[in-house]
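Each of the next two complexes has subunit A plus one other chain: subunit B in the first, subunit C in the second.
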Partner chain A sequence: MSGFAVILQILFNGIMLGIQYSMIAVGFTLFRGVLNVLNFSHGDVFMVGAFVSMTLIGAFGVMSATGFTYIGMIIIIFLLSMLIVGIIGVVFERLAVKPVSKGPVTMSLLATLGLGIAIREAVRLFYPRGGESKKFPELFHKLFEGTKGAFEFSGVIFRYENILFLIIGVVVVLVLAFFINKTKMGLAIRAVAQDGECALMMGVNKDLIIDVTFLIGSALAALAAILYGLYYNTVVFDMGALMGVIGLSAAVVGGLGNIYGAIIGGFVFSLTEALSAAFIPRGSEFMDVVAFAVVILFLIFRPSGILGEKVFERV
Partner chain B sequence: MQKSVKIITSILLLLLVVSLVSFNVGCTKKEKQVVKLGFIGPLTGKYAKMGLGGLNSFKLAVKQWNESGKNKYVYEVVSFDDEGVPQKGVEVATKACSDPEIIAVAAHYNSMVAIATTDVFHKFGVVNVVWGAVLPSITYGNDYPEVCRVNGTQVEQNEANAQLVVDKLGFKKFAIIYDTTDYGRGHLQYFKEALARRGITPIAEEGIVIDQKDFTTVLTKIKALNPEVIYFGGLTPEGVNIKLQMDKLGIKAQFLGTSGIKSDDFNNALGEHAEGVICMLDGAPVEKLPGGKEFMEAYNKAGYQEPPEAYGPFAYCAANILMRAIEKVGPDRAKVIEEVNKTDYEDIIGKIHFNEYGQNDVPLATPYVSQDGQWVPWDDSLYAKGERVLPGIAYREGKEWVNPYKKP
Partner chain C sequence: MKKSSFFDKFIIALVELIVYFYLMIFFRIESVWILIITILLLVVIFYLSKKYKKTFDYITNIFNKNSKFATFFIVILLILFPFVSKLIVPLYIYWLLITIQTFIFSIVALGLNFQAGTTGVMNLSSAAFYGVGAYTAGYLALHYKLPAILTIPIGGIAASIFGLLLFIPIFRTRGQYFALITLAFGYMFVLSLNNLDFVGGPQGLKNVPPINLFGYNFQKAPFGTHFYVNYYYFVLIILFITLFVFQRLYNSWIGLTLNYIRDDEPAAKGCGVSTNIWKLMTLLIGNFFMGVGGAIYAHMIGFISPPNFTLTISLLIISIVLLGGSDNIIGVLVGAFILVLVPEKLRVITEYRVMLYGLLIVLILIFRPKGLIPFKERKYHESIAKES
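Our next item is the complex of A and B:
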């Protein structure tokens, strides 16, 4: 394996992580846009996504299905998990996020932090043997049966399922961009983000828009969770805590409030982690230290992030 | 006058008889004194399986004593959950020691927890027979008579490890991955020392943080160095992820672990990916000892939900050591400490003898290999018999390795 191949492999692995980070970061950015809150329970909604999809995979008996039913089931499980977690996200928003969003920042901060801990502990206590790490089923296993599951290009291993993740990631970003920029609902979301009261006067149903935004953000977290489960093959009740902080950091690095910024931020974070693990001596011990140090540097020298928040003067 | 004396004397005699009889009845009916024993281990969280296996085994020993009829005291187990977290361990150890009814404790699976609580047991003057943590300095790093250990340490494990993979199997290029806790660093140190005695320097040393999920970068770096063996000094959760990601990256090397991955969980989580992995465990294989077979039978009969796991037999022996001491000197914390330090007898894990550090110094570690989803003692395995080839050996000879895993 040449030095170039090592770098290439590390970059490819970093991109895999970047997809997951981006999906979570987008949620932070969306919520911040329509409600002006930092939703700290988002990481735990992500974790719920993993447990919901894992339960669905078991309930559907996907692993014993074959042919088109198998592929159909995979698609249904992706969509159903996203829908269920989306609805859960909306319920949480109505319960604990929106009611406190008008108060001081500390209120929403505490409320969402508390909500996150409550979700985490509920899964630990009420999911069967919830405190242990769970094996996430290898959902795509059968798609590549008979093949080696990967191809090698000058020493770099590209796994088919990872390429599939990449495709899913790109498709989701394109769909999201289309939705936000080209549809009426997307326009309404942007309007609420710019100026809620003004949007209200223009006839936008603000409460509905907030619900839709939380539905989308939470559904994306569920998608990230499925990819996470498939990539690492294990999920655990407290996996959302660190992922939540990483997602928020990615959103801030990219420019909080900017969807493309969140995506770029996700990749910046993951590649910083990967490259610091690779090139700093004993770097794998310190990769989180380096990555979060980068976040702090951004906060100091470029607080508006890479792309910068789209700030509109409020009347 | 004489009559009244007679009456009074007879009444007194009657009273005496009645009181003697009732005293006798009271004596035979009187319950044996209850003595509480503390058990501490990770009962929830990532290491819960190891902790519950230990607790069940501990309870089994207590149950057997209580049912034996030969016991002077009735024993009761009070269990505490350290979650495998040092702070939590100190908290529950303090709680256990603060209860004056708890005479002795068997505590900890995780080395980083056990090292954190040594001072607590010393301060309170309560004996703790460690049943699962393997970091040498838990016993060797202090002169506390309160802290003893029934299982072996990383020193013996890593020597046995090197004996197998270097002396017997002839591997020479080692990459070491360790978790950055005291436990992982201990493995790094003692495995390196064992290699150094054989004139080998590892080609890579990479530390990883526990709870980390992604090891692809570390593994990619290691892959570029073409090691014959990847040694992992750490526990099951990270071990599972490293082995899986190693296979996903197509790294052609032998995976070698320690007692940290010797759990049924490792095999269950990895399925066919576990095949051909080598690990170590202190002591002789319990299945082979005459007492071990009875232990397994009694364990299965008791109907516990979880298997005893690697350190169950040690927890079982820890309970026996504590109860033997209490039977002899009575439920007195100070005397029990003294008595436990004199431990020297045969139990299901073989001879147990505590040296001046309170460490069981019967130096023995057995290598195991994962075969069809089971940990099989190396000498009994199809790999030792030559019917199967280890992945590391096939790769070393430049051949493709065909996984011989059969679903159990």
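Our next item is the complex of A and C:
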């Protein structure tokens, strides 16, 4: 492979991961906006998303369907698992996240860490054979039946499936941006994020907005989980822990509170991983270490992130 | 002030003996029922303490007045523990081991309490520092044949030095951002351990030699008991030293300064407290004791591997601090007792233990954010009055 091809391959791999990271990071940013918590259980909600969608795929029997029913079922699976996980996220928010959000931020951070562990262990114990790593079923393979399933560009192989992920990612970002910036609900979310009490006085139903935000954030995590499952083909009950920290780190790198920042942060993190895997000796083993080191550097030298505004402490 | 009478001391001894022998019965009875009975008993005591507040206050007052005697009596009871438990509890070796582990976790949690409770430096990678101590001691003992008298302090110092890696973050970030950095730090530590070959990678370090103190091998069983008895006394001594150090630090002007930093950092800065230096100091001191705890663990168990030092363990240590009541030394001991020792009774549901830890953290923070024994406000006029 030529040098260009190597770079292209690394970039492509990084972008595939970046889509998943940014979707989780967006959740963190949204929650932080409306509730002022760093919700660490989000990573485990992501993991629940993978298990829910896996169960749904098994239940619907997509494998046997063809034609329009096949595409319809894929869409139903996507929407249904996003809805279910969204509702699960709202339930957790009501039960645990909102009650602790009034205390000091470090305490709510701890509480959500504990909640995450509880979710993780619950899946391990109560999902049938939940302690083992599961094979995630294929979903798109019939769409590309008859074709080669991939094309080559200057020495790098692009799978159609991955191109589809890319398209899904871009569409989701556009829809989200439209929702936040152009709709009334999005306006309310931004209002609550800016000043909760003031929004209340203006007639915004704050509790409803918090619920909606958690619904959206958790649904995005579910989408990320499906993409993760399809990309790696395996899911484990404890994958959410690392993913949660990565998602939060990405959100912080981009600038907490800024949705575009979260997306950029996701790509920064994934590209750091991909580049360190490629260029540092034994990099694939240490890629997360390098990526976390980058995050720590960011936190030290630019704690407000790439796009975040500088915040001064009010005394 | 009236001199404390013999009667007061008798009551103290009685209360402590009741608790002590109840504990023995708790160890002796195998079934889970004893745990349920204990919880019911505690609820009843809690209820009674509300109803008969005067009597209860009287007893606590006695304890406060005769704190020296109370401590002295507890120390005697603890020293006798291996022998008394041998008479009463059939499985006393097992419970001795669990007690030692409780003590080790108490040492580590006291270190964390100093950081998170007293100073408000939320360190989420305590297991990493605990692991640094364990790995340093294990590595030095295995490859350089250093005696334990050296490896244990070196383990502590290594954990402190490792904490120095965080010195820029602690200068530049605060609160949740620092917590996030330590979280990432903990992950980096475990990921690195798994991939570094000289510390055994995922297999960890095996056959760490036992403690050999001035020619006395801890593997020898004294007085026809078990060799854990050696470790019991050793850990007990270290625990007392730790308690002494932190008690003195807390009651000194240093403790007050650190509380000030926790409660209002900008104000502390405004009053001329060099907050950065103090926060770094707490990190170093706390880490030292975490490292010591890890080093003892490595020598006692003889086998350490990366899963012993993951985020779950960090959370266990934090929940010890939170459950007992942060910034409260007695609270930390109670927390360690509840979270390390009591779950051993729940062997039936051992699968669910980690999940229960998680739920417990959430429930404590929702319903009792200050812990079971909340810290008391400092009262200076009383102590001054007592001295004069």
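General observations
Here, the second predicted complex is superposed on the first by the 308 of 315 C-alpha atoms of A that agree within 3 Å, B and C clash if a C-alpha of one lies under 4 Å from a C-alpha of the other, contacts with A are read in each partner's own complex, and residues count from 1 in each chain.
Throughout what follows, a residue touches a chain if its C-beta (ideal position, glycine included) is under 8 Å from a C-beta of that chain, and two chains touch if they have at least 3 such contacts.
The model shown is predicted, which means the values in this text are computed figures rather than measured ones.
In the superposition on chain A, A:133 contacts subunit B only, with no contact to subunit C. Within the superposed three-chain model, A:87 lies out of touch with both subunit B and subunit C [touch as defined at top].
By the touch criterion stated above, A:285 is placed in contact with subunit B and with subunit C alike. Legend: residue contacts after superposition of the two complexes on their common chain; A:159 is shown touching subunit B, with no touch to subunit C. Residue contacts after overlaying the shared chain place A:150 against subunit B, while subunit C stays out of touching range.
By the touch criterion defined above, A:114 lies against subunit C but remains apart from subunit B after alignment on the C-alpha atoms of chain A. Contacts of A:10 after superposition on the shared chain: subunit B is touched, whereas subunit C is not. Contacts of A:303 after superposition on the shared chain: subunit C is touched, whereas subunit B is not. The wider contact with subunit A, measured as residues touched, comes from C rather than the other of subunit B and subunit C. Overlap of the subunit B and subunit C interfaces on subunit A: residues 242, 282, 285, 288.
Residue ranges of subunit A in contact with subunit C, taken from their complex: 38, 96, 99-100, 103-111, 113-122, 125, 241-242, 245, 248-249, 252, 282, 285-286, 288-289, 292-293, 295-296, 299-301, 303, 313, 315. Interface residues of subunit B facing subunit A in the complex, by the touch rule stated above, are 44-46, 48-49, 180, 206-209, 211-218, 220-221, 223-224, 226, 237, 240-241, 244, 248-250, 268-269. Those residues of subunit A that touch subunit B in the shared complex are 1-3, 5-6, 9-10, 13-14, 16-17, 124, 129, 131-133, 135, 150, 152, 157, 159, 232-234, 236, 239, 242, 273-274, 277-278, 282, 284-285, 287-288.
The touching residues of subunit C, counted against subunit A in their complex, run 120, 122, 124, 168-169, 172-173, 175-177, 179-181, 183-185, 187-188, 191-192, 194-195, 266-267, 311-312, 315, 318-319, 322, 351-352, 354-355, 357-362, 365-366, 369.
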